[in-house]
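Below: one structure, written as structure tokens.
Chains here go by letter, A, B and C, matching the order in which they are written, and residues are numbered from 1 within each.
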């Protein structure tokens, strides 16, 4: 692998049902930053069937170039034809950086591709920048420049590590939705398209899709909410979430939940906050009957104000709550909702 | 003498603890308030093999030692005294006598279902007129052809109406002993549903309220003579020997109650603030906790020693008696102190300690009162 | 049917996480557990064993202490346990880890390999798919349901807003989500049997078709430039009041912070 041959920042432009995913645009935004630091371009890699028309949107959000891999085999995501697509793109175009969204798709595709190429992959990065490795010079060791430094949490969010991939290319990273910013849209930009099809011949690694079942999602995305009223196992039942619904209504807030609630079947997964759910940064986060397992904290501890209500005074949530109330949510919530209604009506 | 538990025993303890925390603890308060037998929990315990821990594998049990069984009752009782006694009575008072005194046919017939928790066991010795004075039995079993006909009643029977297999004691005649005529007592295995076997009142109790405590009534109840357990006249010996093992189970229950109360109290005194500090900062509190912790550990050592004795000795009555006597009295003391250290809150049902205190009391009474244990111990000393 | 389950012993970051006074992680005080996603994978394998009489082998790569997690798996019902341990394997990133496990698994006969989706310490979700790449078999990640039909597996594969029902021919690899099932408890008898059973221990020499250049710290494409324990946002105020006072307290704070 001649590292010098590898140039350019590539981004996997995830699309589902021929709609570009938000994460793709966020990665193009960040990719542009990195490309500027390196004096190179950011290229979006669009993979799917009949997806060429989406290329302009990618350009509008900053992609200098769009490589389109279009084939009927790529209509629905499957690990194998998509891994073959990306691996072939990488082999042909030799990018120095390849970014993928840390979605249920990206966290499956990324590792398979990085293993096929034999390069390093860093998952769930919260920060990406160009820098030196080693960060501080070490006598006797060559200090490499223009390396991608990938920062990520580990240990359930208790450790922050910065990773480099000095000897292999491309340097690959996955990034969670909502972490990076997309650039403002510039409709005037039109895509510079290059079509590429490496050929797709089904082999033993191809799986068969028997059925696609979409979840009926009728709710506000919790990641957009300014105030979240979040419930945990302590709420006790699906029915009892009414107390949270009432409070949320009076505050103009959105209801979210912990993983225990999703596991119990009381709420759907898209309301889940946490390591394996969504990362949220609302102005106010009410943690109601949530114990505060580290995996949950990882998804909400960046909230501006955390208010916790829990019967158990030893619950770990109190270690991060700005305001912790030890008490019975069944008594406090209805009273709080009533008083707030009165306060707001009085204004 | 090695005081360290093996890796296997440590792993077993963490299994029991995880189960207790996850499956039993959340229901403890409700079981106590509603007095409903936690049948669903029993099914889960059955699935995990908890209903036949010391029963040999050939009879469908787990084939573990008595210490492992004691630790199970201990960990369950830490969070729920009711659940602890369900396992203890079932295992020590029903599985054990059938295993020890049963014929091969009886063992094959009853143990697999009991060990798998498909059936629950119970032990009927106590009568209205025969508590500590067990010899005061009045229930009779009369041979009639191929059956025994049983008449009489038993009270305060643990697992009462929920059990399926009962080890019942009855008077089958009189025998001469040291120049006197005394009652000949024999043991029988009686199945629920046998015509003539009905249930009387459910006891309303101070504690272990989820435990099914019932009166058993026998009215011309016919039991095939194959159901005689052990030899005719061996009943009293079987009862006493079975109770020796049962005392280890109850000692474990008492130990668990004490440990649970101590643990929750330690957490409480760290959090509860009065006079600007955690009450755990006051020396009075600290010294009380020190005493409680020391007594609890002493109790644990006696319980584990008794468990080891049962596994290795033919006779272990004294070890069992010491363990039960001490653990029960420590449980009562520690749970009472726990309520006191919780102050007003400890008296309310918001906190677990008042239930633990109510649960602890019975351990000084059943399966031989503390007075009986003292009789056993001093009897051995002054032989 | 032969199933290989990859499991990992991890610090219990979900439960008793302890912090030092300076807000950093007190690793020494943390208990170790079987990674939850892996446990669900093991339970899925054991259910297939209950249903079809499959043979379940558990394998782990780690320090010698990791044998505890193999014993736990065997106490739940796994038939065989393999510990892959060797000094030279240490410091591995996901590439080197997956190379190691693939090298070990090449010694085994298998129809299905099950791994957890991700471990609660590394949180990468990479090792499973990478193992499947090294072995050249299909992978289905994020399994929320696993069934067997003849020579194939039928898997419900979870996405952010939908799921696919996929069919893959064995041999293949599936990564399991913790929500896949409720794992069974060990049994007391199972624990003692597990400690009486023999665990196979493999070292570097036992790995098949793996180059030294792909193992351990030296074989890891990714390297750590910097690492520090995150200092947790500290605790704020905590109060124990009656419900009316609690409500007033909360409203007071909401006003203070200009939320209302």
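Just so we're on the same page, contacts are C-beta pairs under 8 Å (C-beta built on N, C-alpha and C of every residue); 3 or more make two chains touch, one makes a residue touch a chain.
What you are looking at is a predicted structure, and each value in this text was computed from that prediction instead of being measured.
Peer 1: Going by average Cα coordinates, which chain is farthest removed from subunit B?
Peer 2: A
Peer 1: Between B-C and A-C, name the chain pair that shares the greater number of C-beta pairs in contact.
Peer 2: Between the chain pairs B-C and A-C, A-C carries more contacts.
Peer 1: So the centre of each chain is just the mean of its C-alpha atoms; given that, what is the distance between subunit A and subunit B in Å?
Peer 2: Centre separation, subunit A to subunit B: 54 Å.
Peer 1: Report, in whole Å, the distance between the mean C-alpha point of subunit B and the mean C-alpha point of subunit C.
Peer 2: That pair's centroid distance is 40 Å.
Peer 1: Give, as an integer number of Å, the spacing between the C-alpha centres of subunit C and subunit A.
Peer 2: Centres of subunit A and subunit C (C-alpha means) sit 21 Å apart.
Peer 1: Counting only residues that touch at least 2 other chains, which ones in subunit A make the list?
Peer 2: Within subunit A, residues 313 contact more than one other chain.
Peer 1: Listing for subunit C: what residues touch at least two other chains?
Peer 2: Subunit C, residues with two or more chain partners: not present.
Peer 1: Contact residues on subunit C for subunit A in the complex?
Peer 2: Checking each residue of subunit C against subunit A gives 11, 13-15, 17, 19, 25, 93-95, 98, 118, 120-130, 132-134, 136-142, 154, 158-169, 172, 178-179, 220-230, 232-244, 246-251, 253-254, 257, 259-260.
Peer 1: Which of the residues in subunit B come into contact with subunit A in the complex?
Peer 2: My answer: residues 267, 271.
Peer 1: Within their complex, state which residues of subunit A touch subunit B.
Peer 2: Residue positions touching the partner: 313-314.
Peer 1: Enumerate the contact residues on subunit A facing subunit C in the complex.
Peer 2: Interface residues on the subunit A side: 16, 76-80, 83, 103-105, 107-108, 110-112, 114-116, 118-124, 133-135, 149, 153-168, 204-215, 217, 227, 251, 262-263, 270, 275-276, 283-284, 293-295, 297, 301, 304-307, 309, 313, 316, 318-328, 331-332, 335-336, 339-340, 343-344.
Peer 1: Applying the document's contact rule, which stretches of subunit C touch subunit B when the two form their complex?
Peer 2: On the subunit C side, the touching residues are 68, 71-72, 75, 184-192, 195.
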